[in-house]
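Going by the order they are written in, the chains are A, B and C; count residues from 1 in each one.
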Amino acid sequence: MKNKTWLQSVLNIYLIEYALSAILRQKYKNFFILSIFTFLTFLLASVFFITNSIKYELESTLEALPQIIVQKIKAGRQDDMDVSAVDEILSIAGVSDAVARVWGYYYFQNAGVNFTLVGVDEYENQYKNSLEKIVQKFDFNNEENIPSMIVGQGVKENMSRNYYKQYFNFIKSEGTLKKVNIAGVFDADTQLESNDMIVMSKDEVREIFDIQQTKATDIVVKVVNPEEINTIASKIRLMYPECRVITNQDLQVSYQNIFDYKSGIFLALFIVCLFTFFMIVYDKASGLSSEEKREIGILKAIGWRVDDVLKEKFYESFILSFFAYVLGIGFAFAFVYIFQAPLLRNVFIGYSELKTSFELPFVFDTQTLFLVFFLSVPIYVAATILPSWKVATLEADEVIR
Amino acid sequence: MILTPEVLTLCILNILFAFFAIIAFVLSVKIFLQWDLNATTQKQYLLEKQSFLAATIIKYIFAIKVPLFLFFIFTLDKISHVLTGAMCAAGVVDATQYGTYLLILKVINLYIFAYWLMLHRADMQDENQPYTKRKFGLFIAAFFLFIAEVVLEGIMFSAIDVDKMVSCCGSLYSSSATSYVSNIFRIDTEVLLFVFYGNFVLIGLFYLLKNKYLFALSNLSFIVSGVITLIAFFGMYIYQLPTHHCPFCFLQNDYYYVGYLIYFLLFIGTFSGIGAGLLPASNTSRNIGYKISLLFNGLYVLLLSLYPLFFYIKNGVWL
Amino acid sequence: MIELIDVTKIYEVNKKESVRALSHINLKIKEGELVILKGSSGSGKSTILSLIAALSKPTSGEVLVDTKKISKLPDNFSSEYRRDNIGFVFQKYNLIPNLSVKENILLPLVPLNLDAQSMHQMSESVMQRFHIEHKQDVLVRNLSGGEQQRAAIARANINNPKIILADEPTANLDEKLSLHFIEMLRELKASNKTIVIATHDPLFFGLDFVDREIQVHNGSLVL
């Protein structure tokens, strides 16, 4: 009898059993609380899952972005950059590569859409893996006199809808037409790239947008050690004070802030719900029937201590809230990752408009589980402290008479 | 101002804690002033009942505070990704002038709450409840420290400026830094190690002598010497870098979260040592306290010592 | 064994009203004694029982059991005292209707966190002793009055207490079952328990194995 295991001395199985049966004896009341609480944790967990997924998707897109972009600013607007800057930037220690990009947006009036025209040069290093693949796969100069291009899936669809099946006529900036053959369609890593991108040689892009041979749209810089990005960016700023220098970390931080802010606002609304719920639980738990009071009275009369009753009440609330927490998390998983979060996803519509279509990728983040836990279980348990204490300290001999 | 869901969660729970702590505080003051176990008045019976409420609230706060403290460190780690320059929690702690004090206050409060629980336990095991006044008196003091912690935490999070560049732990915890932390790097390694191991030997000695005050005192100094030696010496071997000393980085995934184990051992070891000295307990429970303290402090020393030892066996040199 | 010294108990109904349930009572009960407290309802006899069981504390005076001051014990210790020394049989049996007989009988042991085997043995032995083991898995609300009474007595005896207290134990029983209860009482008395019964049922008066009958009237003992 005295040889208790360590676990036995910490956990009293019989008390837990009793707590469970006490929950089941108050079926309707507890079912009501359980459903509301499950719904709240479900809502909360869903929001965090969605933001996590979007953040993950965004980060992987941002990672594909160049580490540093250098743009020339003139009259507050972006202007063409001198290609000669590439060599000067390359001379900075720690820079592994610098590429002058030639690209721009082309507005296709008939379809009312924007295409992204990207110029590539076969003999040059590409700043993106996906472009490298395209350059290796396709040959832009197979037909002598007519230039050709590779288009994304979305572009291809848009063009064929307007009967451009074999070629496309671009309107140059001075107003004349330029005919370019469609040499092929590519699949890229992410949907963002594949949908609206057209790849052709730099010379063609320069011709369409009327960019001089010595100019480029911007310069992207690759750095050996990612830790040095900020240092190198500030060096470039010193070299070209007239230019804007953007690092991928800048973008990442500002996006993270936007999302933290959005889920923060949601959380603020959630607090209101939570405190309403707190009051409901408090009310439900303190409005004890005389039968429940008598039950506690009996337990005290047959030798339960106040601490035993408090412990039993704690088990009750913990079991109930933890169960609701697990259920809520489970539902949220199914809702977000299997059903792709209908309705709730629109809260974060700002991002979905940016991208034509996207799936929420599965991201498992233990910290979110902790976060939801701290926002649910302790708050429920707190709501039951006062009512439990009131019951536990009832005068036994007055209740059981 | 930084408004991440994690920070908001910490704030919500802090508000909840503060609300309950105020209830417990009011009850504590009443009990502290009016408690008289011999009285048979209605008032005393009511106080006895209310003492259960106060104790339950304090237990509740402590039970959530411990995992929440870990969550707090976790949150700082996460915020460090947003702050330019910060690599781990150290940068966030340093980002405002309040960070360091908040962290120290949090640790002190953990010790005090844990001590309160031990006192409560001892109190409830005695028919005469001899420590009731003392424990609620202690809570009155603890309450102010706790509220200070809550307020400071709020101030710290609202003072963090996302656009400001902060220092990373590599520069904070290095011998070239100008902060007060860097002073510890001026101490000779030999002296430091001598103090560290010497302190542990003293704990062992006072255990044999069974002198509770000296035992508690040596444990108190072990917190200081343990942490300083960890930063100045053992940290290098954990990171296997002669220049990296940060006491936060090894809380991260890259070091298998070993930091949590290290701090857990130190906390349990020193806490039960101090508790055994301060607590007016029976000899048996004090003996258990002595033993736990010796065991966990011993494990702490052993764990830390193994790092340089393995490094030496593998590489044949000391850092 | 049990000693009440100058005990007064005042119930405060609210801030203005209060009821004096007992005034300046002195009572001594020896070990193994069976005492009947007689008196109309509201006379204060139930209050005496709850004071002995440390369910309530006296407004003034002292209650001693085995020379231990019960009236001064903090709640946790009075519960432990109750658990170790007292078996209480209530007027309405005070069983939990939606639990089975066995679960009800085991209730006092729940906080003790014993191992399953000794719990089983203890419950088996009391259920056999009070002839209720054939109903052990039946919910209490489906039992007859007599069966509930037996279950209540079995529960009061699971911790093998030295003192048995019964408050109007036959109030809800017909005569046949009441007589049956008295037989059980005789058996308990034979096993040298100290027994105090508060009742106004005339069936208890003049029984051969009762040591003393005490009249309680308006909060005082009539000697």
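Keep this in mind: a contact is a pair of C-beta atoms (placed from the backbone, for glycine too) under 8 Å apart; a residue touches a chain by one contact, two chains touch by 3 or more.
In this text, all values refer to a predicted model and were calculated from it rather than measured experimentally.
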item: Chain nearest the overall Cα centroid; value: B
item: Farthest chain (mean CA position) relative to chain C; value: A
item: More contacts between chains, A-C or A-B; value: A-C
item: Approximate Å spacing (C-alpha centroids) for the pair chain B, chain C; value: 50
item: Gap in Å, rounded to a whole number, between the CA centres of chain B and chain A; value: 34
item: Mean-CA-position distance for chain C and chain A (Å); value: 65
item: Per-residue overlap in chain C, given as positions that touch at least 2 other chains; value: 75-76
item: Chain B residues counted as touching two or more neighbouring chains; value: 52, 124
item: Residues within chain A bordering two or more other chains; value: 306-307, 393
item: Chain B to chain C touching residues, read off their complex; value: 37-38, 40, 42, 45, 48, 52, 124, 127, 129
item: Chain A contact footprint on chain C (complex, rising order); value: 46-47, 50, 53, 55-56, 75-76, 79-80, 82-84, 86, 88, 90-92, 94-96, 98-99, 103, 106-111, 113-115, 118-119, 155-156, 159
item: Parts of chain B lying in touch with chain A, wherever the complex brings them together; value: 3-6, 8-9, 12-13, 16, 20, 49, 52-53, 56-57, 60, 64, 67-68, 71, 74, 78, 81-82, 84, 124, 162
item: Partner chain C, residues of chain A touching it in the complex; value: 1, 4, 8-9, 12-15, 18, 21, 25, 294-295, 297-308, 393, 395-397, 400-401
item: Footprint of chain B on chain C - complex, ascending; value: 12, 57-60, 71-77
